[in-house]
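Chain naming follows the written order as A, B and C, and within any one chain the residues start at number 1.
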Amino acid sequence: MSESTRLNVFKTYKLYVGGKFPRSESGRVYEVTDSKGKWLANAPLSSRKDARDAVVAARKAFGGWAGATAYNRGQILYRVAEMLEGRRDQFVREVGEAEGLSKSKAAAVVDAAIDRWVWYAGWTDKIAQVVGGANPVAGPYFNLSTPEPTGVVTIVAPQDSSFLGLVSVIAPVIATGNTAVVIASEKSPLPALSLGEVLATSDLPGGVVNILSGKASEMGPHLAAHQDVNAIDLTGATDGGLARDLEIAAADNLKRVLRPRTEDFAESPGTDRMTAFLETKTVWHPTGSLGASGSSY
Amino acid sequence: MASAFEYAPAPESRSVVDIAPSYGLFIDGEFVDAADGKVFKTVSPATEEVLAEVAQAGAEDVDRAVKAARKAFEKWSALPGSERAKYLFRIARIIQERSRELAVLETLDNGKPIKETRDADLPLVAAHFFYYAGWADKLDHAGYGANPRPLGVAGQVIPWNFPLLMLAWKIAPALATGNTVVLKPAETTPLSALFFADICRQAGLPKGVVNILPGYGATGAALVEHPDVNKVAFTGSTAVGKAIARSVAGTDKKVTLELGGKGANIVFDDAPIDQAVEGIVNGIFFNQGQVCCAGSRLLVQESIQDELLDSLKRRLSTLRLGDPLDKNTDIGAINSSEQLARITSLVDEGEAEGAERWTAACEIPSAGYWFAPTLFTNVTQAHRIARDEIFGPVLSVLSFRTPDEAVAKANNSQYGLSAGIWTEKGSRILAVANKLRAGVVWANTFNKFDPTSPFGGYKESGFGREGGRHGLEGYLDV
Amino acid sequence: MPTTAPAALAFADVTTSDSALRRFLHGLPGVDAVGLEARAASLGTRSIKTTAKAYAIDLAISMIDLTTLEGADTPGKVRALAAKAVNPDPTDRTTPKTAAVCVYPDMVATAKAAVAGSGVKVASVATAFPAGRAALPVKLADTADAIAAGADEIDMVIDRGAFLAGRYLEVFEQIAAIKAECGDRARLKVIFETGELSTYDNIRRASWLGMMAGADFIKTSTGKVAVNATPANTLLMLEAVRDFRAQTGVQIGVKPAGGIRNTKEAIKFLVLVNETVGEDWLDNHWFRFGASSLLNDLLMQRQKLATGRYSGPDYVTVD
């Protein structure tokens, strides 16, 4: 085998913020090991300033992404699946190492994650029809409710399901037009950081998804209290009282909060991860009659 | 407007409503005293007359009411939806039958004009119960999966601006979905909720399904924090909403919050001007401006500003302020001396900050709490009266030059509840509506409500929706 | 162009061509039908009681153009109508007279003689009423004939066909020509037949067209089509005269006609006047009701207020 004669080229894992791949501004890294404790890589240990930069990037990207056509968002999410499919082997390896899975089990997880992108790609232009609609008000008014993205969503990604869980929390957030600041699994951030590379080559505008590695307990409180973040997904905030603390901080500007819950990411996801980060806008307009020859009522 | 055509007083008769000297808490189907015997007085804000003495619920009473609701939950949630529906239909019908009485009562306790309670509040209350009644046996078809389950006991805290309507917005969907309820009305307007307790009795509603606990903020806090409450629904100030959001953190309680607003009413130069003027008036002077979705910021295109303001001032001069029971009254009393003090202080601040104040000339009654319709011009985004919710009959007028600027200014707020758009250009309505970060957008109209239409805010105006199919979600375990 | 109306001078530049006139009329603010009707309905909920009601009833009586416009009109019928206008309630001499009687041109002389000395005016419809489908010389002759017979007021109809076809200048010039014919001998009411113009935007445009062309009054309808005066179209026309005066200083009257049959409805219209244009228009020089059966209902209500009893049709005169 060539392995004996050729030295591997290691990858430097970097953050994904605003479409670019910066190191942590703090210059800090931490050691990431596989499930057996073997060194895999040094990941950036993001700081609150990295988190702040990620929010700025996510906010900047929001208008364009929310304003893109649902069809366009669907195309891009599907493109993510295509790109992942092409790098399937890499993710099978990374997920296997991160989660201590056999190659076949890791492959199943990666396949499920790819399929999840496909699932949400198809949802982008259907969710409005399912959760919105015309309201038959008792008067001469046209009245329509449509879902709209909440804005910038902070996601504390699942700690254990480093890839399928990650995809399962990011895809529904951005499918509907939100932008995301993701705190990857602290102990297994590498699949998340690699996903950033895939997203960057999938026509996804920079800033729509921003991926930070490091400690949820360090960045979480700043993101939860950040006044320019509209919502927070606490799925991965399973440590002690972290979820509660973050929920309290999130109340400062009344963020929409998705609390942690037991979840099997292998199951069919349903729509509630999308609706958790949707607002409903209802627009009224008079209809009236065709002419003045009778009452509109 | 001084006129040869002076309308003689046309007061609605008070005799249609019989207010008892004192009321208890309504727990488990009975009116009872507070455990600690505390009472408070509710006054008519138009005259400062004491209307009744009302028991004030404490923590012990909250516990008793939650227990009663918990006990009732088992049977109530197990009832076939079609049976729950019939209770709600009964309630809707009884409200229709007693609407004149309830309208007068609400006007007495709240101070809003009888014209509004008669033509807006009460019809909407009955309609809301009628609407949600129909959902009770159709929840499988509501888009939340098969057989969606209720949450349990709902703790609900409502404001004083639309006492009975807010009660309806809370109780109707809660009961339709199979929850039981403990509701705290506002301390200045407890009476219509207590009359509603009597309507529950007439409808034969099982004991404990609805419990009414009058009281102040502490009562509400005890209810919201009670460990056996599964659902918290609150309508009121953003500050209290945030406190509630903190207090439920780390629990499994489902929360919906309907909070403050600083709605922008955007008038473009091609607006139907006469209707826009009516919409502006309705937007900020309906219910004396004590409306969370009030159009309290008028954004007018600079090219028509003078003309529009002239029309607006002329129109405001025709508003009739006075006895809320007079059928011709347009502007009633401010709900409480506290609210009046808050409005007055913000208006003083507006003047101090250099905005130009104009107040309609109208005679202010000697007793009661009143504030004449007021508007401020020369207001910028930096003024406090352009940012803070005044919750009174005070309009801040700002100008803009282009649609982009209008949208940017409209969205430049911590709130996101309502907005208005006035233009005859259809594509502009759709483009602007699309860009506004607000839960309800009224185009060429304002302050329209309907039980089928979801209502609720973006940003710090709260979360969750009330009304329509969307309103079910907050009461289902989905 | 044969016009000397002062208002017309202010708009000389917009009445030079069809296209200029169209641009002006189509530049007027649009009307949202639902909002307009909601405002009219809301004013309709005013509760007018006791002294205010007594005032309103007398005012309404004094504003009536008591009308008969039938093919079967005879001198006898017109004399009876005139007598009623002069002395609406024989049992109560304090009852005000109506503003005018309104008849066809050939009945003007009869009417004029019957109201002589009473102060009640004689209004005559003209210009090929009600359809207005005749050539201008015929319309002018019709008008001249009525004035010659003693008409104090001319109620002309516009050419709705020309209006709906977009020939605004033609409509303008016809009104101006009739106005010139009236001169200072008769006040000119211009009937739009709002039910045929169909949209509120058209009604607003027609109102401005009429006012610019020299109308002294703008009037909703002939009473000969399905939809006549409504609170909404009258409110819209009141807004037009209000805005016109603000712009030109010239005050124009308003006359809803047709379909107003009882006191309650009439009072709603007076509330519209009161709260839209104010007391300057609360006078029969500036506001009229084109009506016939309305008068008896007002009289019965007036008797009820005076006696406390409900009256009945046998206690008012049937003519």
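Keep this in mind: contacts are C-beta pairs under 8 Å (C-beta built on N, C-alpha and C of every residue); 3 or more make two chains touch, one makes a residue touch a chain.
Here the structure is a predicted model, which means the values were calculated and not measured.
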- Task: Go ahead and name the chain pair joined by the largest number of contacting C-beta pairs.
- Result: A-B
- Query: Where centres are the averaged C-alpha coordinates, which chain has the largest centre distance to chain B?
  - Reply: C
- Message: I'd like the most central chain, judged by C-alpha centroids against the all-protein C-alpha centroid.
- Response: B
- Between chain C and chain B, distance of the C-alpha-averaged centres to the nearest whole Å: 44
- Note on the structure: Here the gap between chain A and chain B, centre to centre from mean Cα coordinates and rounded to Å, is 36
- Task: Could you tell me the distance, in whole angstrom, between the mean C-alpha positions of chain A and chain C?
- Result: 68
- Message: I need the residues of chain B touching at least two other chains; which ones are they?
- Response: 444-445
- Listing for chain C: what residues touch at least two other chains? 32, 34-35
- Pull out every residue in chain A that's touching 2 or more other chains. 141, 286
- Item | Contact footprint of chain A on chain C as seen in their complex | 32-35, 37, 41, 194-195, 197-200, 202-203, 226-227, 230, 232-233
- Note on the structure: Residue set of chain B touching chain C in the complex reads 1-10, 115, 119, 270-275, 278-279, 318, 327-328, 424, 444-445
- Query: Okay, in this complex, where on chain B does chain A touch?
  - Reply: 127, 143, 238, 241-243, 245-246, 249-250, 252, 257, 259, 414, 429, 433, 436, 438-445, 448, 450, 452-456, 458-460, 462-463, 465, 468-470, 473, 478
- Task: Within their complex, state which residues of chain A touch chain C.
- Result: 140-141, 286-297
- Could you pull out which chain C residues touch chain B in their complex? 29-32, 34-36, 38-39, 45-53, 55-56, 59, 239, 270-271, 274-275, 278-279, 282
